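Note that chain A is present in both complexes that follow, paired respectively with chain B and with chain C.
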Partner chain A sequence: MPEKPIQGEKRVFVTGNEVVAWAALAAGAEIMYGYPITPQNEIMHYWTRMIPKYGRRFLQTEDELSAGFTTVGGVLAGRRAFTATAGPGNTLMQEPISMAEAMRLPIVVVVQQRGGPSTATVIYSQQEVTLTTLGGNGEGLRVVYSTATHQELFDYTIKSFNTAWKYRFPTFVLGDGYQAKMRESLTFYDPAERGIEMVPTDAYVGRPGMPGVDRPPKHMRNTYNMEEELYEVLQGYLADFAKAAPEIAEHETFDTEDADLVIISHGVVSRACKMAVRDLREQGYKVGYFRPITLRPMPEKELQEVAGKAKQLLVVESAQGQLARLVKEVIYGSTAEMLSLFKPGVGITSEEVIARVKEIKG
Partner chain B sequence: MGKPIKIVLAGEGGQGVQSVAEILAEAANEKGREALYIPNFGVEQRGGVSVAYLQIGDEAIGAPKFQIGDIVIALSDRAVIRTRKYVGPETVFVYDSGIENIQDELPTNTDKVYAIPAIEVSKKELHPRVFNVIIMGAVLKATGVVAMDDAKKAIEKKLGYKFDKNPELREMNFKAMERGAELVAELL
Partner chain C sequence: MTVQPAMPKCWRVETKPHKFCPGCGHGLVLKALGQAIDELGIQDKVVFGCDIGCSLLSWDFFNMDTVQTHHGRTNPVITGMKRANSDIIGVAYMGDGGGYAIGAQHLVSSATRNERITAILVNNTQYGMTGGQMAPTTMPGQKTETSPYGRDAETTGSPTQGPEMVAAIAPEGAYVARGSVANMKQLKGYIKKALENQMAGNGFSFVEALSLCPTNWRTNAKDTWKFLEEDMYKYFKVGELRVPGPREKEGQ
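Moving on, here comes the complex of A and B:
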């Protein structure tokens, strides 16, 4: 039995891509399938460099379609499997992810968002929110964690394997090019030492015994002959998702109690918004902070409460309203004024958020 | 406590600004401080101006990039043009005195604009390859983000294997750092 990748707790100063590789190792991921695309390449670089010592595996495929489908295959065989991609790779991967939704396969996908549409920039954006939460032909039966710090990148990469295998929905860690490439400190830990038990995996296919004799045959479908058959299956899935949603949904909030204006953001942009809210509070502005950590499912009840109290909601994102659309769907009926600071494909600083709030408040 | 020190380092690919930022960030991290370093990656990796954004403080750091730096260091003519947008009234702007025909491009919204002969000193007194370490010394002196000894430890950690083979390199790097600090001390 190879030794554990992380023993005890260790403060480190590394890039986000390195964090993901370590977290997947710590989570007991057995195999990564991948195809290179900036800015997530180093996840597979670090993974392949580290795994020989720990008996884990890697397969480089010919494209992202294949990387997605082989991840599906790994999960069918009962392996804790994952892949990572970005931008146009995320677009291609929606096909296998849709199959994972259809078969309730707990694949884990790490996305480091880059600029779009198309090849655009290799640098950064928050423009893969719609694609990651609702991509594919289907109903978005998936979980998406949007991380903001390297510590969260570590925590939620580990957690994503457990969410995926517990609820059997494809699960995403949604980062971005900044998080991928920047260095900051965090603490590595072994999940078991923190009392985090990894949800056991099991094989969907290839189980021992003769099907129909020793065990019931396993019948996995992503194709149906009749409308009603599909409808019935989906009703079950949708009910499962609705039941799981409140257990899965996470958010972070402060200073919303007496706030006239609440700033809503996610991911790395929430760092700028957090600083902005603190600064603005010091200057006497009644502003609050709300951040969905899960973009799918959204923290609906908590967001509705905030929207019910605040007069204005300011959505800040490095995209043209992809988060805002998710927010509006949740708070439908709220009379709060919707305001925005959208900078598609570009980073947002706390200075810009402060300036926008001052512009609104006059 | 308070806000982090925000540093922009910019130069031509190969001038080593990313290494400087990384070593400074690691030195700060080693001392238990909060540091965030992000390179401008993208097409700049393949030639052109290389920009490093570095923040060092005592509390969790906000957005990885920022609008106005506390200190902005530009090491080529293109780097000056590229980074002057990060200059505000309080910014210390440092450029290399060897950059020609740059007078009209220098930022005018701060009166703390200083030229240091880092390229010249590296060529004449030390070695061109430690040019970036001179810059590191200059940043250390100008910002006080980490103690000189801690920065030396961080260099040792990074390059110790090279120093072991050639101890003169260690001397040269440490000397470069001290010279960089002196160049800034004369100005401030």
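Moving on, here comes the complex of A and C:
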């Protein structure tokens, strides 16, 4: 039995990609399938260097279609399996994700967002929100965690395996190029020592017994002959998703009680917004902070409450309104004024957020 | 007295008669596969993956664990499964469009990586499920819905020689053959060897089965067999292209 990758707690100063590899090891991920694309490459680099010691596996595939579909195969065989991608790779990844949605397969995908559309930049963006939450031909039956810090990258990479295997929906950790490449302090830990129990995995196919004799054969399909057949299956899935959504949804908020204006952001941009809200409060501005941690499902009730109280909502993101669209859908009917600071494919500083608020407040 | 030939033991009786068109070759290929699995006694070890296209109609064909995947993606799904659990005997079942067009990169890469899986590709020279369009395997001059005046090799290329390609790129240990539903004993032998090759852990195993599609060929019984045994045989040579170790009598 190989030793545990992390024993006790360990303070480290590492890049986000290294964090993901360690977190996957700590979570007991058994196999990674991957294809090179910047800025997620080092997840594979660290994974492949570390795995011989811990008896884990890796397969470098011919493209992201294959990376996604081999991950599907790994999960079907009952393994805690994951992949990582970005940008155009995420585009290709949506095909296997749609199969995972159709068959309720708990695959885990880490996305380190880069600029778009197309090849764009290898650096950073928040432009893969729409794709990651609602990509594929379907209904967006997936969970998306948007992380803001390296500690969260560690925490939510571990958590994503449990969410996936508990609810059987494909689950994403949505990071970005800044988080991928930046070094930051965090604490590595063994999930068991923190009381985090890993949800056990089981095989969909290849179980013991003679199929048709000892047990029925497992026949898994994503094709249906009749509209009604598909409708019935989807009604079950949608009901499961709706039931799970409030259990899965997470958010972070402060200073919204008396706020006229609430700044809404996600991921790494929320760090600038958090700082901006604190500075603006010190200067006497009645501003609040709201951040959905899950972009799918959204923390609907909490966001609606905030929108019910605030006069203005300022959505700040490194995309042209991809988060804003998700927010608007949730708060439909609210009379709060919608304001924006959109910088597609570009990072946002707290100074810019403060300047935007002062511009609004005159 | 008429005696019905027995179905392979691993077939699922409840889903018979099968869903393929009358005269389709898929039932024959799946019979050969079923017989090979019965003879090897591996029904409880095989995971069967089927593609999109007519092959998907086999999703409940066997009393075996089965996964119906996406168009061209059966090779990676079975590869991922086998990599995660080497006790499984993985069979990827697809048509010529799935293997040679939309999933060609997966076939090529499964072969070059010598994945320990068995891929079975049914070549009926066109896309059956979508209504008979030109495929990579469509014969020169053959009329299809997207080559209504006959396939022009000048502008659309020549039929893909799949097993020849796989044989050329697969490392040592691969098994590659082309069989035909017109010679069931031989086809079963090839498929059996392809399964045994995986079980021995030698390497990638690939069998193309020349097959029939009277529905889209618009042929009667006589012309259906004629097209296979005269026209297709001229272009697609039946036989073994790569055999690890000594050749055995069966399957020759």
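Methods note: the second predicted complex is superposed on the first by the 362 of 362 C-alpha atoms of A that agree within 3 Å, B and C clash if a C-alpha of one lies under 4 Å from a C-alpha of the other, contacts with A are read in each partner's own complex, and residues count from 1 in each chain.
The rule we apply is simple: a residue touches a chain if its C-beta (ideal position, glycine included) is under 8 Å from a C-beta of that chain, and two chains touch if they have at least 3 such contacts.
Computed from a predicted structure; not experimentally measured.
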item	value
Combined model on chain A: chain C and chain B, fit or clash	fit
Partner chain in contact with A:Gly206 - chain B first, chain C second, else both or neither	second
Contacts of A:Thr256 with chain B and chain C, given as first, second, both or neither	neither
Chain A: partner with more touched residues, chain B or chain C	C
Partner chain in contact with A:Ser350 - chain B first, chain C second, else both or neither	first
First, second, both or neither for A:Ser265, with chain B first and chain C second	neither
Touching partner for A:Ser318 - first (chain B), second (chain C), both, neither	neither
Partner chain(s) touched by A:Thr157 [first = chain B, second = chain C, both, neither]	neither
First, second, both or neither for A:Gln113, with chain B first and chain C second	neither
Inter-centroid angle chain B-chain A-chain C after superposition on A [Cα, multiple of 10°]	120
Closest Cα approach, chain C to chain B, once both complexes are overlaid on chain A (Å)	29
Chain C contact footprint on chain A (complex, rising order)	30-31, 33, 57, 59, 61-63, 65-66, 69-74, 76-79, 81, 95-96, 99, 203-213, 217-223
Interfacial residue positions of chain C with respect to chain A in the complex	10, 12, 43-45, 47, 52, 56, 59-60, 62-70, 73, 76-85, 87-88, 105-106, 108-109
Of all residues in chain A, those that touch chain B in their complex	11, 13, 38-39, 121-123, 149, 177-178, 181-185, 268-269, 271-272, 274-275, 347-352
Complex interface listing, chain B residues touching chain A	22, 25-26, 29, 34-39, 41-42, 60-68
